[in-house]
Structure formats: C-alpha cells, structure tokens
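Each of the next two complexes has chain A plus one other chain: chain B in the first, chain C in the second.
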Partner chain A sequence: MKNKRIGTLVSDILRWIYLIFFVFISIGPLLWIVMSSFKTNKEILSSAFALPSNFSFAGYEAALKLAPIFKFYNNSLLISMVSTILNILVVSMAAYILARCRFRGKTFLTLLLSSSLLIPTSSLLMPIYIIMTKIGLYDTKTGLIIVYAALGLPSSLFIIKSYFQSIPVELEEAAYLDGAGFAKTYFLIVFPIAKSGLATAAILQFLTSWNEFMFALILTKSTLARTLPLALNYFTSQFSFNYTAMFAALAMVIIPSILIYTLLQEQVTDSMVAGSIKG
Partner chain B sequence: MMKRGFRKVVGVLLIGVMAISMLSGCGAKNKETGNKSNTGNTQVSDGGNESGKIIEINFPTSWVGVSSSTEWFNDRLKAFNEQYSDKYKVVVEEIAGDQAYVDKIKVLYSSKSLPDVISTGGYNLIDSMKDQMVDLTPYVDDQWKKSISEVCWDVNSRDGSIYGIPYSRQVIGYFYNKDLFEKAGIKEPAKTWDEFFAQCDKLLAAGITPVSMDTADSGWLTSLLLGAMIASDDEGEAFMNTSLPKNYNTKEFIDAAGMIQKLFQNYTTQDAIGGKYENGASNFFMEQTAIIANGPWMISDFYDANMVEEGFSDKIGTAMFPGDVMYNSGKIGFNIASKSEEQLKASLDFVKFMTSADSQLKMLEMTGEIPAEINVTSDNIYPLVTEVIENSNKAARNINDFQSLWYANVVDEISIQYPLLAQGQITPEEFATALTKAAEKN
Partner chain C sequence: MRVKKRMIVCFLLPCILLFALIYLIPMGIVFVTSFCEWKSGGVFHFVGLRNYIEAFVNDTRMHQALKNTGIWALLQSTVHVGIGTVTAFILSRKIKGWKILRTIFMIPNVISAAALGVIFLNVFNPKYGLLNSMISTLSGSTFSKNWYFDQNSAFLTVTWSWLLYAGLVMILVLAGVMSVPEDVLEAARIDGASGLQIDFKIRLPLVRTILGTCVIISATSMLREFELIYLTTNGGPGDTTLNLPLYLYKTSLTDNNYGYANMMGVLLIILGIFAVFAINKLFRMSESDY
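The block that comes next holds the complex of A and B.
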C-alpha cells in the first residue's frame, strides 16, 4: 500500500516536472521578450535575465518612432487574413474534389499540386517578381495576398484533403437523398463538419503569411503594402542596434499569432485527434 | 428547375464581381500615385510642379531606422527637395537592413530593373552589376576628380572607368579600453603582432578577455584584424590593395589565418563563434573585452548613455594596428543605373548633391564618417574622430577593406569558414584554400 502511494507520488512529481518544463520552454521566450522590451539597451546587454530596473515604455515609443509599425501592422493583418480566407476557400474546394471524385489524371493532379512543396522559395523570387511587375500587382497588397495564398496551397491541400477523406461519405449521400445539390451539400454539410481541419490549415496559412519576409521585401517598395517582418529590420543595421525598441516591436508582432492560436486551438486539437484515429 | 439554374448563374456572377472588385480595389494604388516606372513607388519626397514635368528618381536606401546615417540622409533629402522642387522628385524606397538591401538589389539586377541610384553603404556590387550601371567617367571633370582622395576613386573604378561617386573614406584602426589596459599593466598599444599577443596574455592574466570578434555577416570585426595581419609586410600590403584576388594560398594570408585561429581559441568571448557585430560591440561597451577593431562611425555610441556607462568615452583610446597599419581606403559610393539621358541627368544631379562638400561635412559632423573630399574638415566633431584621422595620417601601411576588395561570394564564404577555423575543424591552409575555391568560381 505504502509502495503504491510512493509510486503515485513519484509519477505525480515527474508529471509536474514534465509539464512545468514544457510551460517554461513555451512561455519563457515570450516572457523574456516582453520583459526585455521594458529594459534599456544597457540592461539587456549587461544582465539579460534580470528584471528591468523600472518599467519604461521608452522602447515602445522608440519602436513606433523608428518604424511605421502601425501601418505595417494593418497591412499584415489584412494581407494575412485575406490570403488565409482565399487559400482556404479555394484549396478546400479543390481538396473536396480530389478527396471525393474519381476522374482520369486525379493522382497526377494531386502530385502536381503537392509537388510545389519541393520547390525552394528562393528560386521562385525572380519569376514571381517579373510576373507581378508585368501584371501591375507589384507593390500592392493584392499581389502579396495572391502569392501568399498560392504559397500555402500544397500544405493546405494536404491537410484539408486528409480531413475530407476522414468524413463518412454516407453523410453526403443522405444530403443528396434529401434533395440538396452538390454546392449545398458541400457548403452546408461538408464544410461545417470539416471545420477542425480547415482551422488547422487556416492557422498554418495565417502564420506563414504573418511571418513571411522575402516576398514582402521583393514584391513591395512602399509602406502602403509592406508587412511587419520588414519592420523588425528597422532596429538593427550593420553597425547600430536598438534592442529595447526591437523587443518592443517583437512583443507587438507576436500578439496576433498567439491570439489566433489560442482562439482556434480547440479546433486544431480536434483535427489532430481526428487525423490520428482515421488516418 | 429554371429557378435553381438562375440562382446558380447569379451566384457565379456575384463571386466573379467580388473577386474583381477585391483585385481592383487593392490594386488601384499604383494608378492613384501616378507611378511611371514598373518598379512601383513609395514615399514620395516631392516638390512643386511649375515646369509641368518633374522627373522621378528612384532611390532605395537602407539609411532608415537605427542606421547611423538615417538622420544625415533625411537632412540631405529635405535639402535636395527644397533646392530642386521644380525639377525632380526622389522616390525613396526604405529597405531596412543592409543584407536585405543587397538581396533586393540582386533581384532587381536579375530582372534588369535596377533603380536610378544605388548606395550599398560599402558592399561591392560594382563587379557583379557594372554591365547595368552607367560608366560615369565622362561626367567627372578634373576639378571634381582632384578634390577627392585618389583611393576613393580607385575603389569605385574598374579598368579606368568610374562606376561609383565616392562620398566617404574607410579609415579604420582599433579602439581599446585604457582602464582595462592599465589594470593589465599595458602602457601603450602594441607595435608588432608579437607584442599584441603578449598584451593579450597580460589581459587574460588580469581576468580580462582581450578582443571582440565575430563570425556572422562576413565577420566584420574579425576580418578587419585578419586584413591588418595580412598587411604586416610588403607582399601582404599589396594583397590588401589588390582588387578581386583569386589566390588566398599565400604565406601572408595563411600566417594571418593562423593568428586569427589563435585569437578565436584563446583571446575572445564565447559568443564570438556565430556572433554578429552587435555581440562584439556589446562586449566592448560592457567592458568585457578590451579591444575592438572598427571605424569612427562607432564613436557616437561611446557617448550614448543608453548604450554605455557614463564617462565610457573617456576610457577609450584609438590605435593603429601593429606595424602601423591602417585601413585608409575609399568606400563604394553612389552608383547610377538610369536608362535614359533624362533620368541620368536627374540622377547625376541627385548624386552630386549627396556627395557635395556640404553633404560630406554634415556627414562627418552627424555620423563621424570620414569625408572622401580631402579638404572637408570640421571642429564640431568628437575628439576621438580627430584621433582616428590623425592615426591615418601617420600610418606606414595603408590598406583597403575586404568588403570592397574581395568577390561577394568570398565575403559570404568567410562566415561559413570562420566557425570551422575557430573550432579547429580546418587548418589555416584549408581556410585559405576554401576562399580560393570560392574566388575561382567567378
């Protein structure tokens, strides 16, 4: 009896150590960024892990003064959200067809769409830059939205198609029997059921668009279309740096990612579980 | 049945209208801003429109944010706009970050759409892009040529043709912490490299890490030491004044690489491997290292209470590298890639303004960068800047910096090879061979 109690105690302690460790490595860096944003450069350089001597918002003021953060913030939000909606809407329809319908060349088409995962992003820069300048979408939010929606195509397709395949066909057959057409069945029956899979793909797509740097640099030239990752470069150059402002900007940049994940985490978990059971 | 078909048609039409309105809504900006070039536009620093034709000059710059030249550039841009308000408007593209700047220019070059004016802040893009740059030789008269230090024209010229208009000189030695030197019993900076290493030993014995070094971003701090070590004799000095060398398997280079390996392994901080300039500078600011090689643009930080303890600047001394070696060379200046005569004239006027004696004087006073024009001096500068200039006048050996001289891919290769050299995974000979192989690819 006593041995059993000791065993339970040890397993509890191990479980807590394990949980605390993961909480620490997940939240630790975020807390460190927020904490550093209140310190002076000197404090960051001399004692990186100490608490700030006083909570000064000078870093946030400097960040807003040095870089057009709010403008870039708005652009990032708009571009990331619209590219995510566009990606999910278009890719989910393609994924549904590829998951449900039988037609000649289906495998080839699936492989073709997925194969873009294998193309290095750097090799896409030049052709996409030329296309965007030729069609007049250089330095526009639309240009970035389209490029981001397309960049996320293979991963979204893979996730959503797998999820659709896990939904029983009988549900759709029942909808057809009740008189629903193809589009109605898709939008009113399949789409809501697949929301976990769609949310997973949406989160990945949003984060890809939110964090993307190279295309934002190459395909834009004005503050009217530029996004937040470019703003972070305003705080370090070859021979000068302002860490306080950089951490303040970073703190502002990471908030949406955390919010989106927190709001949609239930769907993501559901999707992972569904995937694990039904393959 | 008819009704359902009608709904479908309406649905499709609605989706189409939504898609078109979204595209045109977001994409209309270019028309509104009236951009003529296919490279779009950005913050327009404009003037009036009295003559009816104002020429746009496209100028991407990394002089934004915390860059030490931001204030100077904004001041000069404002002055240019005031002076030429009826003729030109400068379309400034802000590209924060030096590497991001170079990356974007490379893509623009590949698609044959270089902007009118380029200023890389020291990176040598002339060799890889001169076919799209304008040969400026016919536009530089004798008087202009004579007013500027010859070394500045040298670094901006290829085969007798001028591709860059200089505005600044690279005058670089090293800074040392006088307090830490005194603690270690060192009276004055070393005259030879043997003495330098002996001083490093003394500093170590006093519990002080001797040198700030780095490996990332071409290892600027480390490479300055490497170049100075190479230039210890006549052959080495000649090497450090040779443009685009292809053979690094020389005795001077290998000996210098050996000394750098020794410094990495015994006399620098742990964060040097993989570290950037910021790490090295931070260690020097925090008095954790006693020596840092760099140019006078760093001096303003010695007085910045946000970076260093009060009175830090009083502890700093300036020195030539052992053997009285100094970097005393030109810096890559403004390049022009305009495609029409009209654009070229506008770009030339802009570049002339940005590189004028007045602009150089302001640059010296605001950033501490040494002017390219010989006669530009000021009393309104930090005393340490004056010391650096005096050192450069006394130097026995004057050399050029690696970023201006060596192939761009060799400069990139350094960051890959330094960590290996530092950890003893390659020998100095192998380090030299790796750079030679990289150079041979050109």
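The block that comes next holds the complex of A and C.
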C-alpha cells in the first residue's frame, strides 16, 4: 500500500485543491472583514489586501458611537434566553404527555403540532404582524420572545419527544407510586433525567432566536426591542461612507458567534443534526 | 401510566396556545383572506379567486418571483447538496485535520444570515470589494464590476451567497456516513472493493434517507430565504433577484395589500407541503435500510 500510484496522487492533489478552495471561500471573507476593521477608510479604498498600517480601534469607537450595539447585544441575549426557556418549558411539558400518556385525540394533536414543520414561516409574516399589533406586543421584547418560542416549537417537540421515548418509564412510575404527584414527578425526576435531550433542543432554539432577522425586522421599530442582526441593517444605511465602522460592527456581530461555536462545537453540531433529521 | 385528565390538559395547554397564536390562527387568516381584497384604510371584501387569477395571469413580478424561487430551490437541492455530500465523503476518510476543516466549513452556517449578507455586500462591492481587488491584482489592470447590481451578474451573485450553506449538508451527511456499521465496510473490503467503490456502492445508498432530508431542508429553505436578498439586492436590479418571501414582504408591508400578500402565503404553504411530499417519495424516505 505504501507506493502510491500516480492516480491516487492526482486524486489526492485534486482533493486538497478542492478543500483549500472551500476553506478560502468559507473563512476568507470573514478574515478580510476583521482585518479591514482595523484599517482607516483610506486604506480600505486604496488596497483590499494590505495589512493595516497600525492597528487602530477607531472603527470600533465610531461604530459604538453611531449605533447602540451594546443595547442590541443585551436585547438579543435577553430575547434569545427567555424565548429558549419558554420554548423548552412549554414544549417539553407537551412532549412528555405525548410520549407517555394515552388519551383521545392524541394522534390528531401530534399530527397537528408536527404539521407546523411543513409551513414556511415566511408565509405567516403578515398575520403574525397583525396579531402582534392587535394584542399590543408590537415593538416589544415580549412579542419577539413569544414569536421565537413558537418558531422553534416543531423542532424542539420532535427532539424532546424522541428523547422522552428513549428513557425508561420505570423510574417515574416508582416515584409516582411513592405518592409524588404528576407535576412533582415531572419537574423533580423527569426534567433532570432528560437534561441532555433538553440541552440539545435548547441550543438549537437559542441559535435560531439569536440569528433570526425577518420577524425582528417586521415586529420592531425602535432600539428598545431590536436585536443584533438588525443592527447590521441599520449600519448599511447609517454609515454608507464610514467603511471602517461598518467592518468593525460586522466583526463585533460575528466574532462572539464564532467563538461560542468553536467552544461548544460538539454540542452545537449534535443539536443541528438532531434538529434536521426529523423525517 | 394513568394520569388525571386535568393534568394532561394543564401540561398540553401552554403548547397548544402558543401553537394556536403563531401557527393556527395566522394560517386561518392567510387562507381566508387570500380570497379577499384587503388593503389598508378599511378595504375588506370577498373577491373569490381574483387574487389567484391576477397572480397567475397578469402579474409579471409574480411570475418572476415564482420562477426565481423555483430555480433557487432546484439549484440549492442539487448543486449545494452535491457539494456538501462530496465534502462529507472526503472528510469521512479522516484525512489529516478533518475536524478543523469541519469546523471551518460550519462557521458560515452559525453566524447570522444577516451578517453573512452584509459581508457578501462588501466582498462584491465594486469600489473596494474583495473579489474585484483580487481580479485586479491577478490581471494587473483595474477591474470594476458591480456584481450585485449588474443585470447579468446579480442572479448568480445572490445564488453564491447561500453556497456556503452546503456546510450544513456536509455535517448531516458526515454524521450519517460515520454511523455506517464498520462490519459492512469490512465485508466490502474483504470482497476486494476499492475506496471509491465503497463510497458509491455502499455508503452513498446507505445514507439515502439523510440525503433526502438534506434535499428537503435545502429546497424548503429557499421558500423562506429572505435576509440574504433583502440586505443585498433587495430584489433588484428590476426584479431580477425577487423571490416569493421578499415579494410577500413588499406587498404586505410596503404596498399594504394584505389580501394579495396572503395569497402568496397560501402558495408558499402549498409549495412547502408539495416539496416535502415529493422529495419523500423520490428518496423513499419511509423505507429503512438496516
């Protein structure tokens, strides 16, 4: 096996060219953005590749002055966290019943709830806008929290329900027989056992909320409830001529996501795989 | 387990309420008002199929949006799934550094699509963009093309912006390929199958249902694609890069023509359901291989 034939050598080289090209288009633009964020406007316009003459944070200062990025950060963090908690709590309770109990209309309910998997959410844009305006949640964090918790409903339901079905029922029955009530059994026994399944769903839900753009765009109008992805929309019009500030803002938006992903990548990958394979 | 009815209702109710508020009631509104003329200023009356007839007969923007959505869904579910699958198969041989490569390919998939859109807006910028600068450097003369706003290049430039979503396909296929039982591969090797033969004749058929899932995800993602167009070309130049979700957004929030927008919502829902069932059938998703 050691003496490679020409054929395998060529295929090796082709393979590496392909992979290097892919690496380049995947992170080349990101590295370029981060590098350019330290340049001056003049440097950006004169040469795209030259390294910045001196690393200045002027772009970052300008970006923070021009838009309340930290405010957007806070909003994003709060909205994503609360919507994740709400989603996991509400969906896991229903998933538990659907996984464990028998009652009339169960099949119908399961089908109905999973049917939301088939609906492209963009189609519901207008009625959701109307409903949120009518119940007074337009341009509030609460409004976005509710919408996001619901958007993740089908994938969370799927992940959590199959997790519940995979854990044995005996432990719960024992607790139940010992006189613990149903709710108590659920929150004190089942919840801790199902931790890893719930975490899988939670990571996916958090990512979805953190990155969501369309509903944030139509359901908010002030900095009070706007989230980080919208900050960028704000930028393209606000700083049309301050490129350094725009690059700095982009860097501030993408770096935390990339850092968190590289730190938690096994979990994030598992969540994405689990959330996608839902038949 | 025997549980009191009251408990079942208590546990199910919050989820059902959430579902009703964001899915069920909006879907009802979308279906009913798609048969109405409903505009701002209190215009609201039943018009039957007029919205649908208008859309299919007269509305050329609608034809363009439908065509683009269809082409993109097709490209996404063939080219991008293909690229993702090939990458997954290369990485599955556990070549040196495959874990780092996997991370790198996933990065564009975990940052927000809005950020990705603005990044590409800069990469393809005619004045200082990365692409034009590269071409200028390589060719030695100044090259200036407005990729996003040139009639000829806009469509392909927008298409490029979701090429990197092949990373998600890669991750899914990779997870599937890795879980093909080792003894199956061992048996093939003993029978004298080469690496390429194993890839094509054994691993590829065994990840069929995962490929089906990837095609479904890719095709339906094009039915909700919004920000990567909104933040770059916003459908332009003309309507070259208009798709159905963006047209729906413009019709309802810019033109305040709610009934017509909801007719598009109905079309999107029908297309979504149709795509899922057709692809399910195509990939025989309900049959198992193991």
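Everything that follows uses one rule, which is that the second predicted complex is superposed on the first by the 186 of 279 C-alpha atoms of A that agree within 3 Å, B and C clash if a C-alpha of one lies under 4 Å from a C-alpha of the other, contacts with A are read in each partner's own complex, and residues count from 1 in each chain.
The rule we apply is simple: a contact is a pair of C-beta atoms (placed from the backbone, for glycine too) under 8 Å apart; a residue touches a chain by one contact, two chains touch by 3 or more.
All figures in this text were calculated on a predicted structure; none of them were measured in a lab.
Chain A is touched at more residues by one of its partners, and among chain B and chain C that partner is C. In the superposed pair of complexes, A:Ile218 makes contact with chain B and with chain C alike. In the superposed pair of complexes, A:Ile258 makes contact with chain C only, with no contact to chain B. In the superposition on chain A, A:Tyr129 makes contact with both chain B and chain C. Legend: residue contacts after superposition of the two complexes on their common chain; A:Tyr176 is shown touching chain C, with no touch to chain B. By the touch criterion stated above, A:Ser53 is placed in contact with neither chain B nor chain C.
Once the two complexes are overlaid on the shared chain, A:Leu118 sits against chain C while remaining clear of chain B.
Of the two partner chains placed around the shared chain by superposition, chain B and chain C are both touched by A:Leu45. In the superposition on chain A, contact of A:Ile33 is made with chain C only, not with chain B.
After overlaying the two complexes on the shared chain, residue contacts for A:Phe235 are found with chain B and with chain C alike.
In the superposition on chain A, the residues of chain A contacted by chain B and by chain C overlap at 45, 125-126, 129-130, 183, 214, 217-218, 230, 233, 235-236. The touching residues of chain A, when paired with chain B in their complex, are 40-42, 45-46, 66-67, 82, 125-126, 129-130, 133-134, 136-143, 145, 181, 183, 214, 217-218, 220-225, 230-231, 233-242, 244-245. Those residues of chain C that touch chain A in the complex are listed here as 1, 3-5, 7-8, 10-12, 14-16, 18-19, 21-27, 29-30, 86-87, 90, 95, 101, 103-115, 117-123, 127-130, 132-134, 137, 163-164, 167-168, 171-172, 175, 210, 213-214, 217, 220, 223-224, 226-227, 230-231, 244-245, 248-249, 252-253, 258, 261-262, 264-266, 268-269, 271-273, 276, 285. Within the complex formed with chain C, the residues of chain A that make contact are 15, 18-19, 22-23, 25-30, 32-33, 44-45, 47-49, 89-91, 93-94, 96-97, 100-101, 103, 109, 112-113, 116, 118-131, 146-147, 149-151, 153, 157, 169, 172-173, 176, 182-183, 186, 207, 210-214, 217-218, 228-230, 232-233, 235-236, 243, 246-247, 250, 253-254, 257-258, 261-262, 265, 268-269, 272-273, 276-279. Within the complex formed with chain A, the chain B residues making contact are 4, 8, 11, 22-23, 26-27, 29-30, 38-43, 60, 62, 64-68, 93-98, 100, 103-104, 107, 110-111, 113, 121-122, 217, 220, 277-278, 281-282, 285-286, 294-295, 297-298, 301, 306-309.
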